[in-house]
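One chain, chain A, appears in both complexes that follow, with chain B as partner in the first and chain C in the second.
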Partner chain A sequence: MISNLINSKIFTLLKVQYSNMLEYRVEIALWAISGIIPFFMLNIWTNNNLNESINISDVMLSRYFLCAFFVRQFSVVWVVFSFEEDSLLGKVSPYLIQPLNPFFRYFAQHLAEQITRFPFALIIAFFFFIFNPESIWIPNLSLLLLSIVSTFLSFLIQFLIQSIVACLCFWTEKASSIERLLFIPTLFLSGLLAPVVSFPAYVKSWIYLTPFPYLIDFPANLLSGNETNISGGLSMQILWIFILFPLFKKIWSEGTKKYTAMGS
Partner chain B sequence: MNLRKYLKVYKKFLHTSLASELEYKTNILVDLITAILSLIGSIFLLSIFFQNNGYIGGWKFEQALIIQGIYTILNGITNTWFNPNLTEIVKHIREGTLDFVLIKPIDSQFFISLKKINPSGFLEIMLGFLLLFFCIRINQINLNLSFMTLSLITISCSICILYSLWFFISTTTIWFVKTWNATEVLRSFLYIGRFPLNSFSFSLRIFFSIFIPIAFITTIPSEVFLGLSQFWKILLEVIVASVFLITSRKFWLFALKFYTSASS
Partner chain C sequence: MVQNIIDVKNLSKSFDISSKEPGLKGTIKHFFRRQTKSLKVIKDISFEIKEGEIVGFLGANGAGKTTILKMLCGLIYPSEGSILVSGYLPFRRKENFLKNITLIMGQKQQLIWDLPPIESFYLNASIYDLDKFEAKKRIKKLSEMLEIDEELYIPVRKLSLGQRMKSELLAALIHEPNILFLDEPTLGLDINAQRNLRKFLQKYNKETNATICLTSHYMKDITSLCKRVICVHQGAISYDGKLDLLLKKLSPVKEILIVCRSEDDAIKLGNSGFTVKNKIKNEITIKIENKSITSSLKTILNNFDILDLFINEPPIDEIIGKVLIKKDYDI
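On to the complex of A and B.
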């Protein structure tokens, strides 16, 4: 009964947000295009034969960067920016009265955006294959499913981290600058610009203890068929979710007590 | 007389926007850390590229650092002036407040391009200069008058091109209303300005010299630093910069004819 109720709630939220997102198709297409940095990086790697030193062939590297593009497309999170705006304009107040954590709303928003984004990402991949026909491959079904799961887990980790940062809005008005700060290590260490295997040893020794390589590098390696420790990666992802979720709940309950209903 | 009026107005702009930005002092500190981390991140990425190769696209690591320094300065300028102002255009157009700008007895382009300022970008500019001075030392560049003038000319041309690109995209808002993420696409393209143009494949090089002249923005000034640049390249950059400035001005005046105000 209760689970039924939650299901219908989530379903309705998703439906509303999906039709909302469809309104802004061009905008989402532009977001999708703005994610093509991995392809520029691939160009540098292969054009200068940098991949020889890390023992990844041209084809595998191009698959890696294509997968990194895909994983990034489906794990983009902007909850801080939405929440900051809503909280500055006082829009959070009505949400707080409702018997539903407002973050479910943002969560549905993100999922709906991903569904809308999917065709655009496919079009970009199609163009990628036109330019690099030799890198076409069909991932086997179990790996595909696993990588979808791990991409979703990566999305969850980023969503939780950003939600925690978003909750800082209760104390300071501009939490988005903290998010921009956190984005820098995410950008350079997640494997979006260079695969983690290529990192120097002094970074590799500690990087696997941080959440960063599990955000893009791990799911992308999984999807592209590059070598990776599947069970280790998945369990680290789950471990990080178990660490971050209680933290989020704690900061949320503390924060709502601090809430001052700005702008209303 | 006219110039003096504009200077006086600009002083007021500076005063008001600095006052409002300095309200968020911790924000500026966070932005400083972000700028430093971002620079460290890009140098880290560059060092990955160079870890087994002496040259990339014909550039040594020490030389590629010059590009990084110029990019950091230009990025700081973007964050200080272009980004806060030109995203404001979108708001002006969507809410119809552009009316108030247009009826002022002052040039509308001047007003919307210089109204706001984000002081945290200064720190990034300073970081860029520090890196450049460091590069001048390790590359043993001797500072003479012709070098100084040429680098000043090329860097100011780069700023003009960069400004025109941002202004072009923001102007299209008059037709499309919600294009603030088109600037995000530009941002991701500008990202390749961190690397020497020669490290990309031939087709990308053509694309980034003709369609989006990112090639001119960082590579030519860096070549001037190394004393590698031919005279025709500098001349070409001057021409490209003036063409961009003039057309973006014309485009703005043309676009204004289609402005139909909103909610007023």
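On to the complex of A and C.
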């Protein structure tokens, strides 16, 4: 049954959403460019020789931030904003009475957008290597595959976190403000601004218990070839998915009882 | 014997509504201490609908018609009472139940805005587990019925409102549901598009024996589609029965405009015991009860010199308008 679902519904959803995304080529190119925060951070780190304090070479640091850029490109999630808008305007109503959870639509939308982003991300990486030729490397195939899996798991964690927050729309109507609160720890603890290894030891031990370092830091370290605990990182990612998924299901089931179909 | 497909017993729905006083003081007070009250929008209603019936829900804005439809299709949770639709509790939204129903809201759309409708149709087909061959067949059949063959490949954003509404209908019917919940399906459509849509719904009901629950502010939708109406007033049912019976009861008289040969004849006619609505020169309008219309007309034609006469049916909107503002109709 699951394979049937993947074969037909999800695949068709993905195809349709991909066609839809292709209607927004320019926007997607701009979104890809807007994700270059890691390159600014790289500049700040190298210009101030901050990497010396954490024993990471310039080359490894630039690879880390390039990988952080890539991971971010393929794990960025905005479901809370889409769902909030659809919920407030009553657009979610027709989807609720179809035999497919509406979140599959958002999920397919995100995947389709990632596929559309991919060529633009490659172009940005190409320019990155022109300016940083010393950073060019060919990742080990097994690490590359693991980092793809890890990036997808990171996307799943973020999608589940935001979907849980999105479901709060059933109670608060403005769930995106809660997401903005979550954005702060995501920004600082995920490894987008600084590798988690740069934090003091006692802070790190706490950070690794949260889902945040597994969103960017872990997959980026994996892809860039930096030293990291592969089995530990992957296990934590899977663990967080196992925690978040039932939580999402519960909050969804309770939330839909509160749905008032506003605006329709 | 025709089975009940919808069974509603003592159904109520309450919403928590927050209120705010106007001005800055009200805003600050609202920020710190939100006042909410529970508003009962549907009050203990019960009704049954048989398979294949087309039932119109009538009521003023905010009467609760759409809320009833939303509960029937499982979109919102009832506060009290029970609903059984096709043997299912709608709110549980079981897959088999969802495959049997559809909801069309005139002001809401499910089609993907930037893509041609055909993409949304195939997407819906896969959601309802239809294979590509079957989907293609149904799209062809429905697009012919709705006369939108050429519009299937044009992006939705470029379609006219009427074409979009027809496409919405096709998207909502691709799984051939047995029960249709239509909330103002002709909203914003021009007269021709409204007529075509009504014709389509009649044909669909005839061919598939589908049950249709309909709300509309266009009386023509109700009169041409529904034999039975349920009037909703402030969340309660004020009338549930045949439409023609309601019209007869609410409009027991007909107005007859009589053109007499002379003004004297018109005066004589006015003084002969009929209820006169108005008189202008040799033209007089009188009111006659439906039950005595034949005998009264015979008397008039035999006793007065008449040039012409016109029987006016009172506008149906006017009659139904009376229902919408009254609490109860004991018919």
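Operating definition for what follows: the second predicted complex is superposed on the first by the 258 of 264 C-alpha atoms of A that agree within 3 Å, B and C clash if a C-alpha of one lies under 4 Å from a C-alpha of the other, contacts with A are read in each partner's own complex, and residues count from 1 in each chain.
In the analysis below, a contact is a pair of C-beta atoms (placed from the backbone, for glycine too) under 8 Å apart; a residue touches a chain by one contact, two chains touch by 3 or more.
Just so it is clear, the structure is predicted and the values come from calculations on it, not from any experiment.
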Checklist entry - Which of the two partners, first being chain B and second being chain C, lies in contact with A:37: first, second, both, or neither? => result first
Checklist entry - So, does A:205 touch the first partner chain B, the second partner chain C, both, or neither? => result neither
Checklist entry - For A:16, is the partner it touches chain B (first), chain C (second), both, or none of the two (neither)? => result second
Checklist entry - Is A:8 touching the first partner chain B, the second partner chain C, both, or neither of them? => result second
Checklist entry - Which partner does A:57 reach: the first (chain B), the second (chain C), both, or neither? => result neither
Checklist entry - Given the touch rule stated above, what does A:100 touch, chain B (first), chain C (second), both, or neither? => result second
Next on the checklist: Per the contact definition in the header, classify A:235: touching chain B only (first), chain C only (second), both, or neither.
Outcome noted: neither
Checklist entry - For A:253, is the partner it touches chain B (first), chain C (second), both, or none of the two (neither)? => result neither
Next on the checklist: Once the two complexes are aligned on chain A, which partner has more residues of chain A within touching range, chain B or chain C?
Outcome noted: B
Next on the checklist: Residues of chain A that sit at the chain B interface in one complex and at the chain C interface in the other, please.
Outcome noted: 24
Checklist entry - Where on chain A does chain C make contact in their complex? => result 8-9, 12-13, 16, 19-20, 23-24, 90-91, 93-100, 256-261, 264
Checklist entry - How about chain B: which of its residues touch chain A in the complex? => result 24, 26-27, 30-31, 33-34, 37-38, 41-42, 44-45, 47-49, 51-53, 56-57, 176, 178-179, 181-182, 184-185, 187-188, 191-192, 195, 199-201, 204
Item to check | Of all residues in chain A, those that touch chain B in their complex | outcome: 24, 26-27, 30-31, 33-37, 40, 43-44, 46-50, 52-53, 172-174, 177-178, 180-181, 184-185, 187-188, 193-194, 198-200, 203
Item to check | chain A contact footprint on chain C (complex, rising order) | outcome: 15, 66, 70, 73-77, 91, 93, 95, 98-99, 101-103, 105, 107-110, 112, 114-115, 119-120, 122-124, 126-129, 172, 183
